[in-house]
Each structure stands twice: as structure tokens, then as C-alpha cells.
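Next come two complexes built around subunit A: one with subunit B, the other with subunit C.
== the complex of A and B ==
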């Protein structure tokens, strides 16, 4: 007991020493301008690092933030995730849905000053989808006519991408595909400068047509972008420069926000999140980024005991999502079905998965493994290996899940492994019966939450994205139909049915959607919540008072000692 | 003497080769897929397969090893272009080429990455060793001179704290007090100019140095207490030499011999990178690089950092051996 008290005191002392006990300092003031002001440098940071700035090969969200600023597409997304023209002034779809035609704006330029023509867009697409390019998402575009021949090096060009004039690009698909446009609006096929050439090359210096251009990139440390003055939107962007600092410790990030050396902090620790959320001066300066994602438990339908659908249903009913949310209340939104509200999953009467302990016990009985909570007897007789990788939330949620499933007679044996090992174990056939799983939208379309993870075509012996190895011909058919269907109302009905099948067959037990909380200084204006892009700063402007020194003064030795002693 | 030195050098090369080989095979039998790590967790299997082939990971491990060793040191044209398919990733010394391949994640030559990181790590290692040596010798000397007094107890106690406290705690406290509150030093980073580099290196060097200094303090104190009782020191005192001269010239010199070994070994170990300190202070050295490479299963970078680390330790050992011979004539016999 004494030892526990001692340890707790030591921990409190340590926390106080590092400033955990104090309320955050007051935010730095804004000048109070109502209209956007041009100029200034926005300073952002992350604990992680980016690996490539070539849109053809970049595959992580953090890199995507910078690419969104440096590379503009023919089309982009508005805040709600709808497709809007960008470098193209307009676009049209043919009646049968197999041809998209993009009409480029006048006087649009690459960062090197050369004009953007339809020919450049074709060159970019062929460069990104060439089989020698080490890109990860070429299959988003497999419906483009001639894709297979091009990928198999039977053709030198993509037959479906046709230049119809200096400013007109047509893309022909081999069948209607409702996912084409959202996938095309992503960053992979965004026009790159002529210096990129026809084929991917590691030594290329990134150069695109976005509102900001590359000034310098010190790998692992800093990325500096400066305003591109020939950007097609007059008066935009507002900022002179954006500086990203990478690989920064999250404690340092907070220190720098407080001293005015960073303008936003989107990687607050959980205690710091509470500190800022509970402080009335900072509360209104916080915002959430919610990029659609699903997280839950993946159950391998080819391995016992989850080859029995009743056991899977028992798991889905035994999980108390509200309890899981309590592990990280600011970040977790309970999830009961595949489609999140922003993708059409907003029907309150939908037959979703839900926590129902009595039903879970009943499913166990039907499965042939009844469990008696009073005596603790019954249930599945063997322990189930449950791999998690060292990531704070998974390690906690695994323990909670272990407790929740023990109440229906399923015993989990938690095995902590590295992330690469976890990926290998969960994506290889016949290796793992149950594991935590997550999927973040690649592009905003309901198809992206079914085809890559729940269909038969997504099953592979190795690297299977369908880690549940779940196969249902009815679902496969619905997904194919949903992809071809161009009518929004009909698509919604199709994906609702697909969602109901997944909820009932329970290859996954849904748990939560993740969101990120961040705070910014009051002078950072124009931050927008995008349904697609995290940390969206394209239209940010700075409302800094001119006369005021924006950097907070040091505290001085006496104040520091006082802080330490408090 | 020369034969012995040559034998030591041959052994050193063998040790580096063995370490490299063992690491290569461990790296290749780990249950993970570098191609998946490159492609990202949501990549489609066909794209992953394509990337696996592009990286040559579909070839048998022995074939990969053979290619790695053949490419490691070879001859080629001087100053090849970065776009040269055969030699674009090589570091060159005239016609002598060193090639560690291309990083899976950064898609840049590993020799280029190491070339950027190694000088920064060496800078930090030297600064840290300097701090720990100066601090350790000074406090050890004071503790020995004031043996069994309150100052001695305080110094020994403080050194115990220094040895016991994890580096990241020391680093966090120093960062909080000196950088965040007092704003005397930068919180992290490397800086752009020489003066900024100097300011930026202080905190990481202090963090590493305090731990080492605590250890050195105890060693110097104990060695000095032993040395001060030796005959030649007693003679020096009897000759009427001032106390400071007796301590500094006659006692300390002997006490420093075991310290030379430690300094050499510490320097060698630090060349491999101080992982925690570099990560905490965003110091762009080999430590932070190696840990990222390990987590990402970036095989070529892992191999590069292992070769540098093992070579650093082996070289430091060699230098320690040779310096022993210089410091202590008995070893030369």
C-alpha cells in the first residue's frame, strides 16, 4: 500500500514537473479582421514522417496533406465530399456512363511555368498506372479501357485515355463505374510537371499544379511550401508559406503550440486533449477531423470457432461499444454497421449490430456452446489467439474485449506483436481466427467499404484484405451492381442491403469510427472540415496582429522554479 | 606489434561481415512483408505483388544475400549518374563503389541517406562523450579529493541518480526546464546555421552526457582513491609538489587509463545512434533512422545502419587497443 502511494506521488510529481497539472496558457490573440488577409507562414507539425511526395506512389494520409497542397486535380472534393471541378472548368459523363470528358481551364500552369494541356494529363495518368511504377492503388482505375493490356505491357499507352484537343481529355471505361469519379478525384492521377517524364523516376523533384509549390524538403525534418502565384483562383491561396515539421515528439508539439512556435496541434495526448477541451479559452479553438473509417473485430470464417455464424453473431452482440468508447472518449464514435452516416449509413431503423447480452448468450447456445454466466461453465473450450500490435488503443481495447467475450464463454489469449507481423498474421489464410481490424476510406464511396474487404474477389492466400475470408455470392453480386449503378437512390438501396448482410453474417463485429482532435491559435482562420482530406489548410489565412510579438516570452528562472515547486 | 595489429584488423573485418550476414538473415526470416509495408495496409494484393517483384523480394533469400554482398563493395565507373540503373545507388571512391541498394520506403540510395545522417550522429556522439568525460572527470576528481565528506556523498548520490534515471526522463526534464520554460535553448531540431547547430546539440548532448558522466564519476573517484595511495604519488607529495599537481599529474593520469576504454566503447556505441535521445530531440541521426527502418521493415536501411554501428564499435575497440599500447608501455611488450 505504502509502495503504491509512493509511486503515485512520484508519478504526480513527474506530471507536475512536466507541466501536466497546469491549465494551458491563454491562446495568442487575433487581430480581428473579418476578411481574409494575405501573407504569413503557417507552421504545422507531426510526430510521423512522409516518405515520398510523388502522388503516383504516396500511400499514407500524412503525405496526402502535403500532396493536396502541391498537386491539383482536374476535379476535387468540396467539404461534404461532393465532386467539384478544379483544374477542369467542367466535366461531363456520357449517357451510358462509360465516358468522362474533362474540359481544362484557360491559363492554368504547372509550378515550373509551363501550361497544363490535356496531353500532360494523359502523360500523368499513364505514368502513374504504368506497371513499373511502385504505386499501391492502380487497381482503383482498372475499369479504364485498355487497363489490363497496359498493365501487362501489351500496349504502350492506355487506350481509354484520349486527348480530344489541347484542353479536352476523355476517359473511356469498359463498363459504367460509379466509383471512377471519386477515385479520379483522389491524388494519384493529379497532373505532374513535364519534368516528371513519361515514367516514374525516384530522382524527380516533385512539381505539380497545386496552390503551393515545393520550396525545400529536408527529409525526416521539414517540408516548406510557398504560394504558387499562378494558381488559377484569383487572390488565393492566402498564405505565403506553409512549413511542416516532421518526426516531432508530441510533447514538443504542445510546448511549441503554447509558445507560439506552432499554429496548430493535431496530435495532443489524451490528457492534453482533456486539458484543452476543458479550458473555456481553448474550447472553441478545437475541432475534429472525421475521415470515414470503420474499426472492429475481424473473425475468420474459415477457422473455428468463427466458421459458425452463431458464434460470430454472439461476438457482435456481446461487444458493448459504449464501454469501448470510454477508453478514448474524445476520439471514438460507436459504430454499429459498415456505412458511416456520411456515406449513407444514417437510417435509425437499419438492422444494425448492437449490444445485447441475452441475445449473445442465446447465439452461443444455438452454436452448440451454451455458457452459464452463474457457474462460468460452458462456452468454447479452447483459448483463441488474438494478435494486437503495440498501439495504445488496441492494447487497451483488447483487454476490454477479453473481458466482454469471457462473459459469453470465449477466452481470448492476447498476443502483442509488431505492426508488420500483425499485418502478415491477419492477412494470411488460415493463420488468425480473430483480430482487431480497421479500414479507412480510400475514396468517398460506399463501394470502398465493401469491395476491398468483404467480397470474394478480395480474398487472397497472402495479403488478403478480406481478412475474415468471408464469401457470400449475394453480397458479391450486390457490390458489382452497386459499382455499375449510377442512380444515387438505387445505389443507396443496394449498399443498405449489402450492409444488412454483413451485419447479420458478422464477419466483422463493428465497434467504432475514429476521429482526431486538434486545437489552433485564434489567429488561424479558414480551417475547414473536409470529408475527405484530413488537416485541410488550403484556404487558411492568418489574422495576426502586426504590433504584437506573437512568440510568448520566456517565463524566467523564478517562475520556472515556482512552477516546479507547485 | 605490426603482426598483432594486422591480426586485429582482419578480425575486425570478420566481425563486421558476420554481424552483417546474421542481420541480413534475421531480417529476412522475420514474419513480415516489406512489400506490404511499402504499399500500405490498404493496398490491393496485386499491387503488393508487383511491388514485391520490383524490390526483388520474390527471389530466394540466398540469391538476395549473394547480390547484396556482391554489390556491397565492387568496382565501377567513377562518378556515375544517379539515373544509372547499375551504379546510380553507389557511393564512390574513384572506381571503388559501395552499394547498399535503395531504401524501400524513401526510394533513395541508402548510401546517400547514411551520408546525410552519419555526420550528424558523429557530431552528437562526440559532443556527448565530451560532456560526459569533462563532467565525469571533474565530479570524480572532486569526490575523490573530498573523500568521505558531504560533498563526496552528494556527488556519489547524484551519480547514482544519473545512472538510474532513464535517458528519456533526463531528456524530458532538461527540455522542459531549459527549453520550454527558460527558453535558453531550442526545444528540438538540428538548425540551419552553425550557431543553430551548436545551440541545438546542447540538450541532446547533455541528456546523453549526464548518464555517461554519472558512470564516469564513480569510476574516476574509485581509481583516484586507489592511485593516490600508490608509491609514485606518495613520492611526489614527499617532494613537496602542490596538491593540485599531485592530483592532476600523478594520480589522475593513472586513473584515466580504464576511462579510455570506456570512452572508446561509448563513442563506438553512440555511432550507432542514440535512439531515444535522437527521437526526443528530433536529432536527424542514425538512431532515429534505424528505429524507423526496423519498424517499416526497410531492409536496405537496416543493413546500412547495422554495418555503420558494427563498424563503429569494432573501430572503437581497435582504437582503444592501440591507445592502450600508447598509454601503457607494458601492453606493448
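== the complex of A and C ==
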């Protein structure tokens, strides 16, 4: 017996040392119901934490998941990213495109039981866009009539937001704005209970009109949401409760998924991603969630050597995006232009940036700094400081970029800094010549990938969103036109032209967009891939066998031990 | 081994731990010196053709890559060897700096213990205090200027033949001054202090790391050397040298230093191990030498996410750090036992 034990221990030690990865245990069974079943608790977790559940100020994707459940808007996005009515039964746009009118449903209620009226929607909008409310979202809505006076505190109310009856809200814009509706469908202006008051207050207990309401929030640890029985969709939501556990180690998350103490896991390490993808029992239970975003290299056009457009073009041509993809193969999708595929950036004939080593050398020659790969002579004579913060992928891609740019005579000196220092260095004028940069979609419209990061209006001496300090009147003009244009085909042509300008002028060298791989237990049904919302669980239902449904969560000492482990 | 007399040498070779430690250290030095010569790949270049699997994972140990490749598909063996060079250069250089400063402070402190001391003007103390406050407030230049001014005031008080009221102050001997400085230094957690200094540099290079480590780790050596000097200075041959009118620096260099060298060497050997760990910790935490320079700490950091699928990324630098530290510690303990006559 002892020898068997010894041998087993030796094998386990060997497995641990050599990384002989155990296959994951079998998924837990599903009951096999075809129709949605009501009840049950969905348990989710994250390694991160949320700071605020107030839609007026919350900005990160993780908080957005909970807000999507607790707060409903007059309109929302469907799975494909199209705008559909939600608390409003319908909406209409005036002929000239300057007025939107929303007609609220009958018998809709806030979580505190009070009915939702147009007046509440106006109060919510004014609360979120008040100049004293922290955050920078108000800029999405600056075309609302009277916005400037309201922001400058010259008016007590937003003149453009008009209550036209108990269930009719009109929003007047000072000019046509194709981005208004998608921006309005975001979470920022979703109606909040009367208890929220007229002004933002960080002591408010979150209360909205979504399908789930707040039961408890133990900051840094757990958020519990329960079914809102007065939700306007009959029979929905299916779940009785959703519990989020925050600040949980990702390894703990994975173990809890396997033991059935969590129902989904979206924060898998790269090895675990492969582990589940390579297991036939789990393969069909996983899916990718693409977050529309662009990641690449931001080159400061006001600083040498990137004040020379040929050097910027050389960088864009020297970057081998397929090699960068291999740093995190399943998660990175190579990107060659500004518009991501979900926003129409999928034309194979578009003059995008692409890897072309010969062209890169030619651009260096045209810039006046020819480089001879055979002798290693030539190129830009000085090292270029390249700041990165301590984030695994950035540190790796920085080293790969260093190798790739060395081949055209640009020497990068990587400088690892803290995240605040990185932000300061990359957003302050005249501070950093080149740095990694990323932009994640706020709302699904092409404008969101141009106006906030490539236009002259996005340049500031401090905290500049346009970190390349790139200014091109032609691009500025196109962006203004694109925003005013209401015809979809014309808009596409405008943004394609803007995209071509950015690709050619290369204030950024595009590299990749990110996607997450997640797995769930087979009994989790109704998970939907949304083009806008990550981890969309509004319509999830649980198909658990009775024995599994009766299993109780650990209590007492076990729960305490779990807490300690976390 | 020339510092060891024949009996000490015999004690050293009889100690199995010491022999093992010496073996580890010798292997480490040989690996650092010769390892890169066996390299068939560049330590800084990714090999996407042979260094990566089709899934984009690093390849494991093989005939092509003896210790596999890392997450950027670079040769782990070559990077480990270059890392060994760097670790040894930093650890030994920092230990030398620390030993020189610690020995000098310890010798002076111990030799002058009990002396009458010199006047330190209140004005100098006040200006120095203001200088420290300025440094802590982030005004490094102003703080530095004030500290230099404070030193000038103190020096003026010492060299002026007449007593001026403005330069009046308490009397302070060298031993008290230096040992209080050591007390203050020891009150800071070593790694925290080193990390703060490391983070303060605009760009961390090999020299900044070794100076940072060297300048912050001499405190313990100073204490030990002072204690030993207190004993040695009262011995007859030191008294004889004083009676013959030899200058203090000569007495310290020729008569005291050789007699405190044993503990210093033992301490220094063990300190090399601490320096290897300290450098690895700094690199692991991102305040060490910037990538892509291979350091063991940074190799550990880069490999930690792939501990299950590519364990060699953790095992290689981890084992290297473990055996280096073990080797220097065993060697240090062996030297201590060899130099201790009671071991006979």
C-alpha cells in the first residue's frame, strides 16, 4: 500500500513538475428540457472588482454587465447591434433628423415600485449630463439642444429634452446626428429611480428598471441580484437570482467551474483555454466574445522621428501582425485598419496597413534614414523610448516590436512604468514619441473610432485622447460630415475615406483586437452573443437536474475557508 | 583560499556542505562564462518557425532547444546563461561595493569608539533636516543643495580655529554618528527601499541596479566590522603601531583590516546570495533591468502565466536561483566554520 502511495505521489509530483496537464473533469449534466425553465441562481465570478453601479458614471465592461441587468433603457441593442425598443414601445425620428421621440410602454415600473414616466427619463438625463456629475460621457450628447448652456450652468434644465406627455419624451438636437441613437442606447442615460434625485450622489443605493434588482452588494466581494417581478416582458427573466463574486483568483474560478460552484468562466488563462478547447466534452461549451476595439502603436506626429510621415509608414509596414497574434493565438485578431469588422471594416480590397518589409525599408529611405539589413548600418540614429506598463501581453508585444523595428533601423528602448506613469507619458503633449495604445468601442458606430482619438478636437496638452497629436483638417471635416449624415451608404463611404487617410498617414500602426474565450456548464442555456454587451446573461435559464439544483452552496467553515482562499 | 590557513583549509574541505556549495558556485560561474559559447540561437531573437508549436505555444526541451523556448519563442538555455552572467556581475559587484563601504564605516566607527568627537553646529543640523524634508517632498535638487550646505557648515565649524556662537552645537563622535546612520538605514525594509530607489530611476540599467543594491546593503557589514575592530584595536600590535607614530589610515589598512577580513569574507559570500535574490525580486516586480535583457527574475515573471502548459519557463530560472542561492549560502557557512577555531 505504501509503495503505491509513494508511486502515486511521485507521479503527481512529476506531473506538476513537467506540466502533464490533467484533462478537465466531465461537465455536469443538464436535465434536457427544451423550453426555458424558470428559477435558479446563476453564479458568475471575476478576478476584478466594480467601483460603482450608477450608470451615469460607471465606465468599465465588468460594471456594464451588472448595469445591463439592473437598468433598462428606452432603447437597447439587439444581438447584431441594431437599436430596438426596450422600455419605449416605439421611437421615431423627424424628417430632418433633429428630433427623436420616444413612446414609453404602459405599466412599466422602477424597482421601488413607482411607475416610469417621461418626467423620470428627463430627470435621469439631466442628472447624468449635469456638469457636476463625474466622468466624461456627456460629450457623447453634446448635440442635444441647450447642452452648452446646461453644461455651463446657464440653464437649470436641458432645453432639448422635452416631456410631451406622461409617456412621451422628445429629444431635440441642434443638428442631425447619426451617432445620437447608438449613444442614447448605451447605459449612461438609463432611467434611475426617483430616489436617485436630480443630481449625482455616490451614496445612492442603485435602483433602476432592469429585469433584475439589487439584493445586496458586499463591495469587493459579492453582488447579488434578484428577479424583478414587474419586468415588462412576460415570463422573463427566467432566473431567480444572479450572484457575481469579485476579486476571485482566476485559478479558483476555474476550479469552481469544474466543481459546479460557478456556472460560467470567462477569465481563463491561455493554457486553460487550450485545455478546454482540446477537450471534446467541453469544446462545444465554449465561445469567443469579441470586444470591438483597436490596439496598436501610437506615434506622436509632433515628435521626432515620427513627425516624418515616411517613418510612420515604415513602422506600419514593418509590423508583422501574424507574429504578434502568435503571442496569444486564440485571443488576438490581427487588425489592419481602424474600422473593426463588426463596423464594416471587412473589405479585403481596402488600402489597409499591411506587413511589407521591402516597403518598410523603402519608406525609411524616403524618410532620409536608409537602413542596410546586411550591415545593420543606417536607420534613425537615436534610441526611441517606448513606455509599457506591467501587463503581460504589452510587455511581450513590446519586445517583439523591438525586434521587428530593429530590422528597419529603429531602436526601441523599453521602459516599464506604472500604469499612472504610462497614462501621464502617453497623454501629455511632447512627452512620448511612441507607445502602445488601445481604444475600446463605447457605442457601435464608426464615429466612435475616429472622433475621440484621431480628430483635432481630441487633442489636449494634458490627458489627450488623441495621443498621437495627429491633426488633419480633411479628416476632421469627414468626421463632422459622417456624424451629420443619416444615409447609411453615404456614411460608410465617408468613414472608409477617413479610414484610408488614417491608414496612410499612420498616426497609429494597427495591430490587433482582443477576444475572450469563456466556457459554461451544459445546463446554462440562453447565453447570447451580443455585438455590444459582453457576457450577456439577461435571458439565461438553468436546465439543472433536480439533484444538482438541490445541491447547496457551502456554509459555515467551508464558506469561511473559501473566503480565505479567495 | 589564501585567506585560510592550512588548518582552516582542512576544516573547509572536511565540510561536505562547503564542498557542495563550492561545487554549485563553480558550476554557476562556469555556466555563466561558458554557457553562451554553446548557444546556437540568439538570446534576443524569436524563432517563429521552430520555436513555436502550431497552436502558438512555446516548444518544450528538445535537441534544438535544450531548455525549450519562452513565450516570445526565444531560447531559454541561452537566456538562462546570459541571466547567470548578469546575476553574477550584479551580485558580486554590489557585494564588493557594499563590503568596501561597510568595512570602511565599521573600521572608522570601531576605531574611534569612545573618542571625544567634534562639534556639530545646530545650524548644520537644521539645514540638513530641511534638506531631508525637501528630498522627501520631491524637491531633490533643493534637498541636495541643502545637504551640501549642511556639510559645509559642519566642516567650517571644525576647521575654524576660533569658536563662533553661530557654529555652536553638541559634540558628536564618529562612532555615534555612523552607527545612528546605520540604525536609521536598518529601520527601512531592505527590499522596499531598493524597490523605491529602483522605481525612482528614469531607466534601470545594470549599473543602476548594482549601485542601488550596493549602496543599500552595507549596514550589516558595518556593524560586524565595527564589533571586530573594537576587539582588534586593543591588541598589543595595534598599540605598538600607534606608539611608533603610524598614521591612523595605515594602522587601519595594515593592522586592523587583515584581522577583520575573515568575517567580512564570510559575510560577503552569503551576501552574494542575497543580492541574487534581490536582483531577481526587482526584475520580477518590474523595477529591475528593462526587457528584453534576460534576467532570472523577469524570466520567472514572463513564465508564470504558462506554468501548466510550459513549466520549463518557471523551472529553469527557479532552479537556477535556488541552486545559486543555496551554493553561496553553503559556501559562506563553510567558510564561517573553517575560520572558526572552535570547530577544531
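Assume the second predicted complex is superposed on the first by the 528 of 566 C-alpha atoms of A that agree within 3 Å, B and C clash if a C-alpha of one lies under 4 Å from a C-alpha of the other, contacts with A are read in each partner's own complex, and residues count from 1 in each chain.
In the analysis below, contacts are C-beta pairs under 8 Å (C-beta built on N, C-alpha and C of every residue); 3 or more make two chains touch, one makes a residue touch a chain.
Here the structure is a predicted model, which is why all the values come from computation and not from measurement.
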Partner chain(s) touched by A:423 [first = subunit B, second = subunit C, both, neither]: first
First, second, both or neither for A:400, with subunit B first and subunit C second: second
Touched partner set for A:413, first subunit B, second subunit C, both or neither: second
Partner chain(s) touched by A:38 [first = subunit B, second = subunit C, both, neither]: neither
More subunit A residues in contact [subunit B versus subunit C]: B
Partner chain in contact with A:153 - subunit B first, subunit C second, else both or neither: neither
Intersection of the subunit A residues that touch subunit B with those that touch subunit C: 17-19, 418
Partner subunit C, residues of subunit A touching it in the complex: 16-19, 21, 269-272, 274-275, 323, 325-330, 385, 390, 392, 395-396, 398-400, 402-403, 413-416, 418
Subunit A-touching residues of subunit B, taken from the complex the two chains share: 30-34, 36-51, 54-55, 82-83, 88, 102, 105-108, 113, 116, 169, 172-173, 175-177, 179-184, 187-190, 279-282, 284, 288-289, 292, 295-297
Residues of subunit C defined as touching subunit A within the complex: 44-46, 48, 52, 55-57, 71-73, 199, 202-203, 286-287, 290-292, 302, 305-312, 315
Subunit A to subunit B touching residues, read off their complex: 14, 17-19, 49, 51-52, 57, 59-60, 131-132, 134-139, 201-203, 218-221, 245, 247-249, 251-252, 255-256, 259, 261, 418-421, 423-425, 427, 439-440, 442, 452, 460, 462-465, 553-557, 559-560, 563-564
